[in-house]
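The structure that follows is given in the form of structure tokens.
Chain naming follows the written order as A, B and C, and within any one chain the residues start at number 1.
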Amino acid sequence: MSGLKSNRGNFLEDFAVGQTLEHPTPRTVTAGDVALYTALYGSRFALQSSEIFAQTCGLHLAPVDDWLVFHIVFGKTVPDISLNAVANLGYAEGRFGVPVYAGDTLRAVSEVIGLRENSNGKTGVVYVRTCGLNQNNQDVVSYVRWVMVRKRDEASVIAGHPPPELADHVGAQSVLSRTVPDFSNFDFGLSGEPHRWGDYAVGEKIDHMDGMTVEEAEHQLATRLYQNTARVHFNQFAEARGRFGRRLIYGGHVISLARALSFNGLANAVKVVALNGGRHVAPLFAGDTVFAWSEVLDKAEVAGRDDAGLLRLRLIATRDLACAQFPLPDEADGVILDLDMWVAMPR
Amino acid sequence: MSGLKSNRGNFLEDFAVGQTLEHPTPRTVTAGDVALYTALYGSRFALQSSEIFAQTCGLHLAPVDDWLVFHIVFGKTVPDISLNAVANLGYAEGRFGVPVYAGDTLRAVSEVIGLRENSNGKTGVVYVRTCGLNQNNQDVVSYVRWVMVRKRDEASVIAGHPPPELADHVGAQSVLSRTVPDFSNFDFGLSGEPHRWGDYAVGEKIDHMDGMTVEEAEHQLATRLYQNTARVHFNQFAEARGRFGRRLIYGGHVISLARALSFNGLANAVKVVALNGGRHVAPLFAGDTVFAWSEVLDKAEVAGRDDAGLLRLRLIATRDLACAQFPLPDEADGVILDLDMWVAMPR
Amino acid sequence: MSGLKSNRGNFLEDFAVGQTLEHPTPRTVTAGDVALYTALYGSRFALQSSEIFAQTCGLHLAPVDDWLVFHIVFGKTVPDISLNAVANLGYAEGRFGVPVYAGDTLRAVSEVIGLRENSNGKTGVVYVRTCGLNQNNQDVVSYVRWVMVRKRDEASVIAGHPPPELADHVGAQSVLSRTVPDFSNFDFGLSGEPHRWGDYAVGEKIDHMDGMTVEEAEHQLATRLYQNTARVHFNQFAEARGRFGRRLIYGGHVISLARALSFNGLANAVKVVALNGGRHVAPLFAGDTVFAWSEVLDKAEVAGRDDAGLLRLRLIATRDLACAQFPLPDEADGVILDLDMWVAMPR
């Protein structure tokens, strides 16, 4: 008689290394999701914006934005993994797989690969490797994330397990050629900028210039679109009494904002192929304005391809802090995101 | 020369029992509407979320959410029936018919079935039976609602008519088997919860736990999506001088929020088959946080079906009031919705 | 090492008469965009709302709203033309071409047709003729606009050029019959109003009655949907120090709000065929409530057609000012838009 059928989410005690979680509920992605993604971030990358541009890149339709795919897969994992999370600590070993098109149906499966209690006895860290799959069981994205989770009972004893060994970054040579679109006929007039892979230098820094102020309605619409149910994003009544007194914005919303802003200077980086790592340095709240800048960390060729190259980018997002001075997490207040990824560009 | 072509809405004097209203304007429902519905409420019911899950339930595509269908049909009736409404008083005898899919075109027809003046001489109550139809003239939803409407002129004499006799609830035996999806191959792993029809007991109460804070932009987007033009939802300039000093949120927005929250504990109640009754107990305003709980009022079999059963649910929504104590309209401040419906579940 | 790859936008010095700008990035319009447009404005014109209604008007699908087409084309021009604009001054010679359907891919091309420096030496005016094209290189909309743009350097000398001669309005006789849907079977019951072309008189004024309050999230979603990147709409951090202290709402948002409000009294004006002229008289900010009224400036037949006629309408929008008194720009505070267009209606 007392709500026992409701899901209160898993606590640290509920996880065990080796455990596999098949996350509900599957989701068919549509042109509606794509339009909302455009409305939420203003993304302009030509590959995702135009069916015809996508066809000149060897795809039969415009693919769904890489981060929209990521957010939908991530959202599926929240009820099982992070409903009681204190913080989403980091990402590693992320790879984007086959393109997702409107009409595809996505689901997510996670394996627990690490578990440890924090010394305070109240929380711990769970490491999971999540795989997003389409209706043909093809990988669309996979990544490791680790998250701080509450214990149900401070007295309980947790069978710890050493954290997994995680690669510092995804090796460029392991990026599959088939995940990189065909850029042989890339139209630099329509794409928005003339800059090719060869025009970027390791160490180069790019201020993406523009700022985007976030409203409560926007991040709530986004996070619900991803069917992400984490309570901190939606419930002002509870959050008014919480850590920040306010609703916390889903970290993925910041990633997508920064990615959309990065069009200005990186318009031809049309495809994200790997997520090397990343962390949400500080929270974002409604009313804050997000800025972003990028640094080219590395460059790589794609085996057997002379039309495409890879850039390893560090993408930094800030709040209420313009990026002309390229602020870094350890040096400046206001940095909220520090992301490391490989993107594919035309040569 | 004076705006005589504009619709000021109907007043009590404009209605007569037996009158039929064919409401403009028809509306083709699309994948875009479905995506917006997800973004507005975060609904996760597997039947509506996944084309493939729907196909395992014998449908050829994912059906449009029952309440989205209801809201679109309801919206069509507003310019004719409730533009000058003081309050939407209640619903009865609601039935959901054939599934609606993206691409279907909906229209609405209402018949006035009751009319009475209030003793204050300023307002009255109009009862209508509304039927939503698809492009093949099949019923998609029908329901009775009654609404308090202003008189144009206090002096006018209204030909009253006894209120119609309305069933206390829709008889379970009258629910058509063909409106209940085929649950023979229902995947309880993907649907989100293991609970079957047999796991619910009459009298059982379920706290849906989560809370959702509503923003002005959200309810306005929703209500416009339904092409519902009732003025109280949109015009802060006028409402600042009105009853509440604020824009009133469309009652259907509360229904959809409560329904989406009810996933937590009722994930397998994937199909609403009847609206037995309901009333908007108190208004909701932007900034309020909505919570919900359900009580199982009754259970019923579906004739000739051993894969599916019906639950009669009372769905209560509150504002700024968590539902662990199962607050009731007559006992607690903060209750805003009291809805009674039949839902279909796998056995 | 300093963000040289980012686009800072063009300044007055960067324009020359005769210059052609092929704007990135192409955009495939979908049912998702259409649904968002409905959610943003609540538009109810039957031709765009119902696939079946559109088919009775000789189209194979419901066409995309004329102003959504305009905004997408306009948005493409912003990074090249008005990123550093002080104000969008006016429109002329606008024509809507072939219908746009979900699935079409749009791009935009502009030619600079006039250029002059302002006497303050700090700014100037650029005149462009923009053409929106579909994937078959058919015109979907074309128009002239002129915009006040900052100089990069006050000392620079601008090769002025006389402003182009612009028609006071588009000649009705030049409206192509094929851009006017077939109204022979127009259903006045479903369209929302009984008024035909013949029911409107030159000089007639129509108060559209309703008001719509705008939220920050709404105009930001709209403007990003159009991939319009003008900074003044999005960056509160910068605008707090700017001219108004607030984010400025994209003028096109006002056009679409006023057009949607105009349904009330002009429900059968289902097709905009020409934009004779227009100016944004004053800015709109979030929290303001928009009202609208129309005046019939002229009437015209469509050559060879007895099913359709044209109305030349002046559409006025206001903020926080009801329109029962038909306020004019030069007489009343609160007028924000003064638009002049030809619309097609059934006879």
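In the analysis below, contacts are C-beta pairs under 8 Å (C-beta built on N, C-alpha and C of every residue); 3 or more make two chains touch, one makes a residue touch a chain.
None of the values given here were measured: they were computed from a predicted structure.
Visitor: Between chain C and chain B, is it the same set of residue numbers doing the touching on each side, over half shared, or a different set?
Guide: Under half shared, hence different.
Visitor: For the sequence-identical pair chain A and chain B, determine the rotation angle of the Cα superposition and round it to the nearest 5 degrees.
Guide: 120
Visitor: From the C-alpha centre of chain B to that of chain C, how far is it in Å?
Guide: Averaging C-alpha atoms per chain gives centres 36 Å apart.
Visitor: Chain C: which residues touch two or more other chains?
Guide: Those would be 30-33, 35-36, 102, 215-218, 221.
Visitor: In the complex formed with chain C, which residues of chain B make contact?
Guide: 1-3, 5-8, 22, 24-28, 30-33, 35-36, 79, 102-103, 105, 107, 135, 215-218, 220-225, 227-229, 231, 234-238, 247
Visitor: Over in the complex, which chain B residues touch chain A? Could you list them?
Guide: Per the touch definition, chain B meets chain A at residues 30-36, 38-42, 44-46, 49-53, 62, 102, 189-193, 195, 199-200, 203-213, 215-218, 221, 264-267, 287, 289, 293, 320, 322, 324.
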